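This is the structure, below, for whatever I ask next.
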Amino acid sequence: MKRKGNWFKGMGLAVSVSLALVGCGSNNENNSASSSAPASSAPASSSAASEGGTVKVGILHSLSGTMSISEVTVKNSELMAIDEINAAGGVLGKQIEPVIEDGASDWPTFAEKARKLISEDKAATVFGGWTSASRKAMLPVFEELNGLLWYPVQYEGLESSPNIFYTGATTNQQIVPSVDYLLEQGKKKFFLLGSDYVFPRTANKIIKAQLAAKGGETVAEEYTPLGHTDYTTIIAKIKEAKPDVVYNTLNGDSNVAFFKQLKDAGIAAADLTTLSVSIAEEEVKGIGADFLAGHLVAWNYYQTTDTPENKTFVESFKAKYGADSVTSDPMEAGYTAVYLWKAAVEKAGSFDVDAVKAAAGGIEFNAPEGKVTIDGENQHIYKTVRIGEIQSDGMIKELWNSGSPVKPDPYLKGYDWAGDLSSGS
Amino acid sequence: MEMWISQLFNGLSVSSILLLIALGLAITFGLMGVINMAHGEFIMIGSYTAYLTQNLFKDLLPKGAFDSYFIAAIIASFLVAFVIGYVLEVILIRHLYGRPLDSLLATWGVGLVLQQIARSIFGAPNVAVSSPSWLNGGLELIDGVVFPYKRLFILALVAICLVAMYMYIYRSASGRRMRAVMQNREMAACLGISTRRVDGMTFAIGSGIAGIAGCALTLIGPIGPNIGTYYIVDAFMVVVLGGVGKLVGTVVGALGIGFFNTMFEWWSNASLGKVFVFILIVAFLQWKPKGLFAVRTRQLD
Amino acid sequence: MTSIFADRRRLWLLLGYIAAAAVLFCAPLYLSDFRLNLLAKFLAFAIAALGLDLLWGYTGVLSLGHGVFFGLGAYAMGMHLKLQASGTRLPDFMDWSGLTKLPWFWEPFKVFPVAVALGILIPALLALFLGFFTFRNRIKGVYFTILTQALVIIVTTLFIGQQAYTGGTNGLTSFTKLLGEPLRSDTMKTVLYLATVAVLVLVFMLCRYIANSRMGKVLRAIRDGENRVRFLGYNPATYQMMTFAFSGALAGIAGMLFVLHVGIISPSMMGIVPSIEMILWVAIGGRGTLIGALIGTLALNYAKSGLSEAYPDFWTIGLGVLFIVVTVFLPGGIAGLIRSGAEAVRRIRGRGNMHESGAHSVLQGSNRSV
Amino acid sequence: MSQAPILSCKEVTVAFDGFKAVQGMNLLLLPGELRFLIGPNGAGKTTMLDVICGKVKPVSGSVSFHRRPGALDITKLQEHKIAESGIGRKFQTPSIFAGLTVMENLEIAMSQNRSVWATLRATLKPSERERIDEELALIGLGDQRHLRAGLLSHGQKQWLEIGMMLLQEPEILLLDEPVAGMTDKETDKTGELLQEIVRKRTVVVVEHDMEFVRNFASKVTVMHEGKLLKEGTMDEIQSDDRVAEVYLGRGKGRDAHAVG
């Protein structure tokens, strides 16, 4: 009664399944074969595969999908740092060999590639991640395999994993100072507008607590789904609420739609102050400077930041990736992360993760954004806060900065009004 | 009081954008029964064509002529999307008539390919298109209520496309041939209509209109490889809700979704607004499974 | 006369399955930790693919919303693991979202067996609920497919929005323990892998039983002519609902195993793209053949992770082209290829079975009606 | 007419968007009767069958099926309930399941408990296998038992569907042009099949081929534009002027030979 060819199907399954396994099995053999010491097939210890002349380093960013918009440029700046270091003799006499992986804007893929970089490629460290979700996906993998991750993007804080170094700003180095700045400018009524994901919701929670403590007022709190493109109703709500400032944590494409439609509705920067934390030089290029002129942003670095290191950084970046390319905060943070790792390795004298972590505390480095220091206690870095205004030529002019680098405080312990926010793990 | 007027206008403008996006689909899906999941990518093609036209005008022509680039862009985006649509129909869609579910999966693949090609040509980050100066600003009838020229332009563009499509489908000879082929392919072939050419033309027109939508959307939205994914599900919802095969269905579907979306968003927030609209659509289809203006057929299946 | 062939054929088939199961069970011996974890994830996907194949390949109902059922199962297990990891304290995201006590609907997930039961029941009941309202009203074909996409948008938007209860776009992560044992120890990982293979084998046998039972025949009849089945006295709606609920439950099981292997579940994993990729596994493997769903899932996932390692920039083009080629030019999928390959071999060696040789057997492989 | 009717359709009217396919039609069937339904194209014959088997809901009028335990109002029931209660329908174009083998088609058509749970556990009992073998022999498809139904010829598909109907063992069987598109040899064979079917159940046959109708001495109902025109034996029908006029066009007295 069986249909024809069934026994072939059974055999077909057995053959194809075993082929797939053998395929990936052998794939695994030739991997370890390419990396040197036979010890590498030992259980995934963190001993770096420092083979003769090169040390492997992972670069894990989204090269496809919705997040490729922001992450491709950060990958480029990290690669530039590696090329510069290799040209100058590498680290501990070894050339850095970058292994590039695509996170594909898909969080389990970030976890899968992180596991591959650590246990298969034996990468000494990994530079990568962008969205909080991708970092949260990689975190358990790095802690399980005792790997080392450098996360180059500003984020919502309230985290400090022993296996991650955060070279982007935490909330008290971007959100909190920017709100203080606005309050000093006499902006009392805040309209909180953000894309519907973790960073805006957490940032707004902090802002509401800060405003309540400092006499500000939260007029409204609005969220739009990622990829939302129609802001006419939101703009109508803004007109009705008549806030002093719109604190904007929208992300990616939504910013394009919001500012274009804001200008359509006859609202210019002079009529309504907005401060954004997800718009850098790269995004300004995508939106068009004529829609953004006069609006404020809060970062720790701008292409116009006048430090000698920044001049060379911008020049070499334009030389490498084209004259019309721009440099933004996350790109600079990624670039700085590579140098900080190099400094920590040289101080520790070895690529071993625990040694590098122990040696990292207190390391200083003259980054394009100015002097930065690694805070050994929470593995973030001291950063100078800068409020900028977008110019009609697409550059961002610095209006105010915090003077000296601000100590990172991911759990906002140093702020009394943030007491109930988090007990800290 | 002005809030109500501006909200009504917002509802109308959202509906007009939904209609512009779904109009092409009303042909490819409504009339031809082809599920084209790459419809969003044709919108993207339209946007990128507008970007290229803008650069062309900026570099080659004198400054004064820049403002008229947008009209050229609309025509160019229709033609480019039309040609790519025709080529896609000849290569792929031809094999998929009568297999709706397969055409859904195959065109999803096409969408992936088009997105990646756009990403490698134009780069992952968004590109900027500055709107022509005669479209900036807005009409201020009552104080405090501004009707942006861009939205009015899109409303006008949609109206023109609608009338043009109506005249083509219901009042022109080739439109009649198209409907004949769609309703009974074998009979039309017997009557000497080259169904191959009509299929190609019909699909290409549907894609061309998606190109126009893409060009118009550069006024108010982002231009990047992924914008297609934002619109595709909404476009299908409009056509399914409105009822397949009837132009008036698509119009009413777009108006319905547009106004409800704006109203819900006003009362709650944008995320919940979108959720309520979709729940409404699912509930509505219980009552009328074939959409508002269903075409009744008597065959068994 | 044909029974001799049938018995020998069934023997070979059994041998094939046993060999495959053996190869899978002893994988931990020859696979590295990373590759084993990868394979475990793909086998979990295969369980969901089997359910989808039964629904689409056999019954002709195309659902692009199975990411939701997969996600609900994964969230059920994720909530359990999160509670285990948080011990007495509130989970971290609830803490800084301002919650003071655990929401009531989190309580049942503290107990492992209850969490597993809910991980199967919730997707199944949601599928039954949606199935009841669509199939009873004879919503079918493309309309049903687009409705499942609407379901995906509704559920993902709600999960993202209710960050205090679901962890928002970060989802649930940083799990430490399962049943008191450390989740990430080597023994636990091997045990989890073997459990996944065992569940897969069980589910495969269950699906084969259903596919070959009379119910399986009625399902295929519904695929070929739903109205005709109605006039034979069967109510297609109940059959479609039951199969939809069953495939929802299988997707839930797959989700639970997935979260145990990968250690994270977030709304983006139950979105539109993952749901369509599930369909691609079944389409490439060969819908309407259970083995096809398995082969397709393994083949595509290895291709995806292999391609994206080697050519990070262009693997989406490869995926897209694969999509087109399979659905248009290779409707039978890989399983179809194997079958027609087998027939070609049979015809060349002239062993053809008297009754079905000649023109019939050639046509058999290519019969595909949607 | 002492016997109580098994099926009674009173004043049945069916309209599609205003067009009245059937107007005020009455039809009474006696148990075990063989009734032919003839009439020009568009007379509403097929629509009448659709009403009886529940495919189409009438706008007005009643259709009741008098089974042993009591009367069933067809217009209230869903299609599968009507089929389950004992009304089988064969469609004009052979509608069998192309993806299933001949054997499988018959297996699911066989009268059995139709619930999901029952079919999940059902196995082919020897007695059932015998019945299927008998049916296969009767319709002459014994050799093609494992062949996919989609590969059968047109005639074979019609017989398979008839075989399925027999296995379904309905009390009333509705056949829609069973010999349409068949060769003479196939038509004769179908005629023999019909003799077999009629022995155990009530049958209504819609047919155009007068030759075929003639060799069954049974009652004939003629429909025209949705209304009952004439009812009686074949001879009464042929001698009736109105039938000739309606059927064959305006010529009087011409032999009421069938127009295909």
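Just so it is clear, A, B, C and D label the chains in written order, and each chain counts residues from 1 on its own.
The rule is simple: a contact is a pair of C-beta atoms (placed from the backbone, for glycine too) under 8 Å apart; a residue touches a chain by one contact, two chains touch by 3 or more.
In UniProt terms the chains read B = Urea ABC transporter permease subunit UrtB; C = Urea ABC transporter permease subunit UrtC; D = Urea ABC transporter ATP-binding protein UrtD.
Note that this is a predicted model, so its numbers are computed, not measured.
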| item | value |
| --- | --- |
| Contact-graph distance - origin chain A, target chain B | 1 |
| Highest-count interface - the chain pair sharing the most C-beta contacts | A-C |
| Centroid-based (C-alpha) most distant chain relative to chain B | D |
| Between chain C and chain B, distance of the C-alpha-averaged centres to the nearest whole Å | 33 |
| Whole-Å gap separating chain B and chain D, where each centre is the average of the chain's CA atoms | 48 |
| Averaged-CA centre spacing for the pair chain D and chain C, given as whole angstrom | 43 |
| Chain centre separation in whole Å, for chain D relative to chain A (CA means) | 72 |
| Residues of chain C whose C-beta touches two or more other chains | 157, 160-161, 225, 227-228, 313, 316, 356, 364 |
| Contacts with two or more other chains, residues of chain A listed in rising order | 1, 63-64, 196, 223, 225 |
| Touching two or more other chains - residue numbers and ranges from chain D | 91, 95, 146 |
| Chain A residues within the chain B interface of the complex | 63-66, 68-70, 72-73, 196, 222-225, 227-230, 232-234, 236-237, 239-240, 253, 256-257, 260-261, 263-266, 282-283, 285-288, 290 |
| Chain D partner contacts - residues on chain C that touch it in the complex | 2, 210, 213-215, 217-218, 220-221, 223-225, 227-228, 230-236, 238-239, 242, 288, 355-356, 360, 363-364, 367, 369 |
| Complex contacts: residues of chain D adjacent to chain C | 53, 55, 78-80, 83-84, 88-89, 91, 95-100, 104-105, 107-109, 112, 114-116, 119-122, 143, 146-148, 150-151, 164, 168 |
| Chain A residues touching chain C - in the complex, by the definition given at the top | 1-2, 4-14, 16-18, 20-21, 23-25, 27-28, 41, 43-44, 63-64, 100-102, 104, 106-109, 111-112, 115-116, 119-120, 131-133, 136-137, 139-141, 143-144, 158, 196-198, 201-202, 205, 223, 225-226, 420-423, 425 |
| Contact footprint of chain B on chain C as seen in their complex | 62, 133-134, 137-139, 141-143, 145-147, 149-151, 153-154, 157-158, 160-161, 225-228, 272, 276, 279-280, 283, 313-314, 316-317, 319-324, 327-329, 331, 370 |
